[in-house]
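What follows are several structures.
What follows is a pair of complexes built around chain A, which joins chain B in one and chain C in the other.
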Partner chain A sequence: MRDDSFSFKLKRGFGILMMLAFAVFAVFPILWVLILSFRPATQLFVPIWETPFELTLENYSAIIGTNFPFALLNSAITAGASTLLALLLGIPAAFALSKSRLSGKFLASWLLLLLRMAPPVGFVIPLFLIYINSGLIDTYAGLIFAYMSLTLPLVVWSMWTTFNQIPNEVIEAALMDGASIWKTLVKVMIPIARPGIVAAAILSFLLAWNDFFFALIITRSETVTAPVAVMNFVSYASVDWGAIAVASIVLTLPVVPVIILANKYIVQSLGGAVKG
Partner chain B sequence: MYLKTTRRLMAAALAGAMALQSGAAFAQEKTLKVLLFGMPSTIGLQALAGDFEKETGIKADIEIIGQDVFENRITLSFAGRTGDIDVVHTPAIQVQRWVEAGWINPITDQVDALEDKDDFLKGPLEAYAVEGDTYALPFFAEVGLLAYRKDILEAKGQQPPKTWDEMLSVAAAINTPETAAIALRAAPGQGFNMFVFPALMWAYGGKFFADYPSDLTPAINSPENLKALQVYIELLTKYGPQGVGRFNFPEIVAAVQGGQVAMTVDGTSITSQLVDKEKSPVADNIELALPPSGPAGRFPPIAVHGLAVPSDAKDPEASFKFIQWATSKETMAKIALNQAYPDFTRASVASIPEVVEKYSGIQPNFLDLRVEALNEARGDYRPLISTWPEIGAALGENINGALNGLVTPEAALEKADQEVSDIIDSQ
Partner chain C sequence: MASASASAQLERAYKRMLIPTFLAVGIFAIVPLVGMIGLSFTDYHLIRGFRGEVGFQNFVRLWTDGRFMESIYVMCALSFIGVAVQIVMGTLVAVGLEKIVPRWRLARGFFVIPFAVPAIVTALVWLSLFTPTLSPINAFFAIFGIQIPAILTTQTGAIAAIVIADTWTTYPFVMLLILAALQGISTDLDEAAAMDGATRIRAFFYITLPLLVPALTMVALFRFIETLKHFPLIFVLTNGGPGRSTQATNYYAYVQTFQSSNVGYGSAIAMFLFFFAGVISLYIAKRNARLADA
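Entry: the complex of A and B
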């Protein structure tokens, strides 16, 4: 059905305009930072239209000599590991919550969510003291464990709803054919729930990747992550805007292809559609 | 079948966790943990850590972080009494507060036992005296100087201003749309606008308190302070660059280096960047001079940084050994030669020929100028009391508000006075 009426065209035009405005609003700061990252130190505060050809790769080469690449690696290790571990533990947990007839499962899931209800600043001091006394401060294990308090609830809750949408008959059929519960999960449920898993994985990776607070408190020189390392470009008598711009861009880059590639999964998952 | 898989998974997870743990244990050798924030002198010190190990056999793990990260880190570490910092960077304006909180230990006896104690500049060393005890040794003392474009002043037939009143007339004479006459720190903060504004306050005869340190009744809303604030506002709003109401030191450095501003008064850590030939296109035209004075005298801004031993440090003697090494004549001289570090705190370093040669490249009388300004600076330029961080923040906000026209200067000082009074009373 085509609607050629004027009011429809007006509405659609308005919609496009709104979307464009929002896109500019969202993209403009990133563009600005991107331009800054290619500007030499002396031109950082000069408008780009006054000296449009004063560009340099100096900021990028300078940052290689700092500990930022190392911090980026730390971010990748800890965000990746905490996501993997959360999937490993969270998917079976969500499966059990969704499909078993356990008593008290609502209590269990609620307790899990409790972790996310409390703002991190509320439990930072005890967490910090436990970490100091158990030697977990400035270790990968410590940071990964802390990030799992972010990623695990997300995985369990999002996978729980995903599994709920898969009819019980699918499981019954698998069991009927002689599959064990594990085999049913691994061979039947996980393939069906793949869009949900991808979405949960990406969202939890981003949660850990972008974290500043935990890393600020429980990392030191050995495991410092990129969001904290950026702050080190702000020093006593100078602020290295060029380095900060480069760091921000580099910190954003790995996320972009992931989002684009996984876009359809995320939309599917959040939209609630499950294809058999 | 699935049990086996589970076991294998668990074994793998455990092995992984243990591998991560052992890596961490390896890093936890017995070393001195030194926590500093980033500035040329600390970067220079970090590069020399090997020398310390060679001399004493003690390994020093010097970590340099941003100032904000630093604040968070020490607050948690000290409040949690974790003992994971052996030597800590101690700004002089924080020392009263840290002593009150019991975060750092006195090192009076060790300092008094130093043979060359008198070599330390008196003002910076005294900044660390709290109730008769010494709590840190200074490694950095920067002092405010006037930096001006001599080409611009000469072109307009102007002499560098000796007083803040002259500053007004010089600014009026040289101000052009392309190059604003002056920029001063304006962003609110005890270390931002409140690093520079007290220079005007003191110069016009103003003060913070009725009779510091015995009577801490605020004296912020005095006619002298009002005069100072009016001059500060007139300078910046009439003769400052666009957006100066939000300027902090990075913007000032950029604006002067970029030729958009002709004069500033700021610390040597800033002015030394303006005369740095590698970074500053206008370096050859920048001349440094003593900061302007007023009816009550000259009061150069001053900032001192030192090294202290946290009260939960595991081996305080080793910690002091590090401080002694880091503030020794030899170490300071090396850093002065390797970095932009004219802010050393030992008088003898200024007479080492190589050091003299390097810094006379900036301007023949640069080191003398610095010492002269340091000698004139008062140690309590910013009051040495534990509530200064809050007081400085309150004053900074109100002064910035007046500069940006949100309130009148009178109302700003009245409000600041009330806020300071509340902070003192809540003690």
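Entry: the complex of A and C
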């Protein structure tokens, strides 16, 4: 269908302009922080178009001397470990929920959703009190456990929908060939479900990597994560914008290529709950 | 054919697969949950400790606490305005990508980037854009002699600021899911409508949009529940201010618990929020069960 009328072209032109505006809205803040991260302290409050070539790497070298790299490592360790553990426990559970004839599946699905939606402020109060009294405060284990209360429901929920899409005949055939149910899961189901697993892993990692609230409450100096450590650059007296910009770029950098490459799988994983 | 005993054995194996997760959820999630419920019936204070049973007093206090009532007002403003803006914008971009600029395949990734940006980074980036002395937007308009007022200094402005920052990082979520729903809608319908002489815009409103309603409802519910939990944006952009004017309920629970040390009362506020999560998740779980049966 072609439509060459003037009014159609006008409307189309307007539509393209609108899309360009949205694209600018999406990308502009990121470009702005990128620029900010290369601006020397003396030029921060001078518009970039007045001194466009006053750029420096000193913000990047300065941040190496702070605790931020250490906090990044903490973030990677806790997000990675809580994702790995959630996959390890959650995949068999999701498989069982999807394929067994157990009763109480509805209750399980409600509970999983509820845990995904529950406000963390409620969780974190008792957690904080337990951790203070048991010495788990400011430890890797404490933070990883806290993150598992986020990542495990997410992994089980999204893998449950993934496994639902694999026909039962696949399992029956494997069992018929004499494979145990565990072997069927590992050798047959997991390879088929790989895209779903990748998506669940990414979403779960992002959830922990992006967390601010849990880390704010249950870490101190030893296991402080990067999102909380950034706030050290914001003090009552002054805000170190150069350091904040660098930290923002470094925190965002690892997740951007992942989300661009994997957004198709992620839609399927998120969509499990939204389909209809 | 699997025999009856073989199938019973299989069911037992499935049950064993569930045990680790069952225990983990029990310890990491149910224990804190029960703790929250328990604490909400006490007057536990971080420094003074327990002073006695209070029963339902915390919940009675909620209804007479002006700050709590104001926090609900702020929460509703943030949630309703935020979700409405995000749904409209996410749908516009999704429909635009699909119908206006289908050739921007590679550019689609750009629209998704803000979704991956950590909440704290979103907050700090927008704080820099809302800081008049630093913001390139203010500097740009200053060339033309236009002074942009500091948005974070009034309640309306601060709420708008939080909504803008939140929209930036979450409309891609709406967009992705609406894109997926759009791809499930046959283009035959559009063509049939065009044959009948309907304009594209009319075809969108009368054919595509009604078919998107179920997906839109779910996305809106998911977004709604997330907006009830705003924390990093408020913490960084406004710290609940100016004054207390952007202390949404979730933030008020944090302030009561960790700044005023009123753990018991803070838990009661958290319970109030938890109730919403319970109702909405029950609705979604029921809906999914119905779809699975159909």
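Rule of thumb we're sticking to: the second predicted complex is superposed on the first by the 241 of 276 C-alpha atoms of A that agree within 3 Å, B and C clash if a C-alpha of one lies under 4 Å from a C-alpha of the other, contacts with A are read in each partner's own complex, and residues count from 1 in each chain.
Heads up, the rule we're going with is that a residue touches a chain if its C-beta (ideal position, glycine included) is under 8 Å from a C-beta of that chain, and two chains touch if they have at least 3 such contacts.
Here the structure is a predicted model, which means the values were calculated and not measured.
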Chain B versus chain C as contact partner of A:125, first or second or both or neither: both
Which superposed partner A:44 touches (first chain B, second chain C, both, neither): both
Which of chain B and chain C A:236 touches, first, second, both or neither: first
Chain B versus chain C as contact partner of A:253, first or second or both or neither: neither
Touched partner set for A:173, first chain B, second chain C, both or neither: neither
Dominant toucher of chain A (residue count), chain B or chain C: C
Partner chain(s) touched by A:139 [first = chain B, second = chain C, both, neither]: first
First (chain B), second (chain C), both or neither touched by A:24: neither
Touched partner set for A:117, first chain B, second chain C, both or neither: second
Which of chain B and chain C A:181 touches, first, second, both or neither: both
Intersection of the chain A residues that touch chain B with those that touch chain C: 44-45, 124-125, 129, 180-182, 217, 228, 231, 234, 241
Chain A to chain B touching residues, read off their complex: 41-42, 44-46, 85, 88, 124-125, 128-129, 132, 135, 137-142, 144, 180-183, 216-217, 220-222, 228, 231-239, 241
Complex contacts: residues of chain A adjacent to chain C: 1, 11-12, 15-16, 18-19, 22-23, 25-27, 29-30, 32-33, 36, 44-45, 47-48, 89-90, 92-93, 95-97, 99-102, 106, 109-111, 113-127, 129-130, 145-146, 148-149, 152-153, 156, 164, 172, 175, 180-182, 185, 206, 209-210, 212-213, 217, 227-228, 230-231, 234, 241, 244-245, 248, 251-252, 255-256, 258-260, 263, 266-268, 270-271, 273-276
Contact footprint of chain A on chain C as seen in their complex: 2, 10-11, 13-15, 17-18, 20-22, 24-25, 27-29, 31-36, 38-39, 89, 92-93, 96-97, 100-101, 104, 107-121, 124-126, 128-129, 133-134, 136, 139-140, 168, 172-173, 176-177, 179-180, 191, 194, 200-201, 214-215, 218-219, 222, 225, 228-229, 231-232, 235-236, 250, 253-254, 257-258, 263, 266-267, 269-271, 273-274, 277-278, 280-282, 284-285, 287-289, 291-292
Touch list for chain B against partner chain A, complex: 1-2, 5, 9, 13, 17, 20-21, 23-25, 27-28, 37-40, 61, 63-69, 72-73, 76, 79-80, 82, 84, 249-251, 253-255, 257-258, 267, 269-270, 273, 279, 281
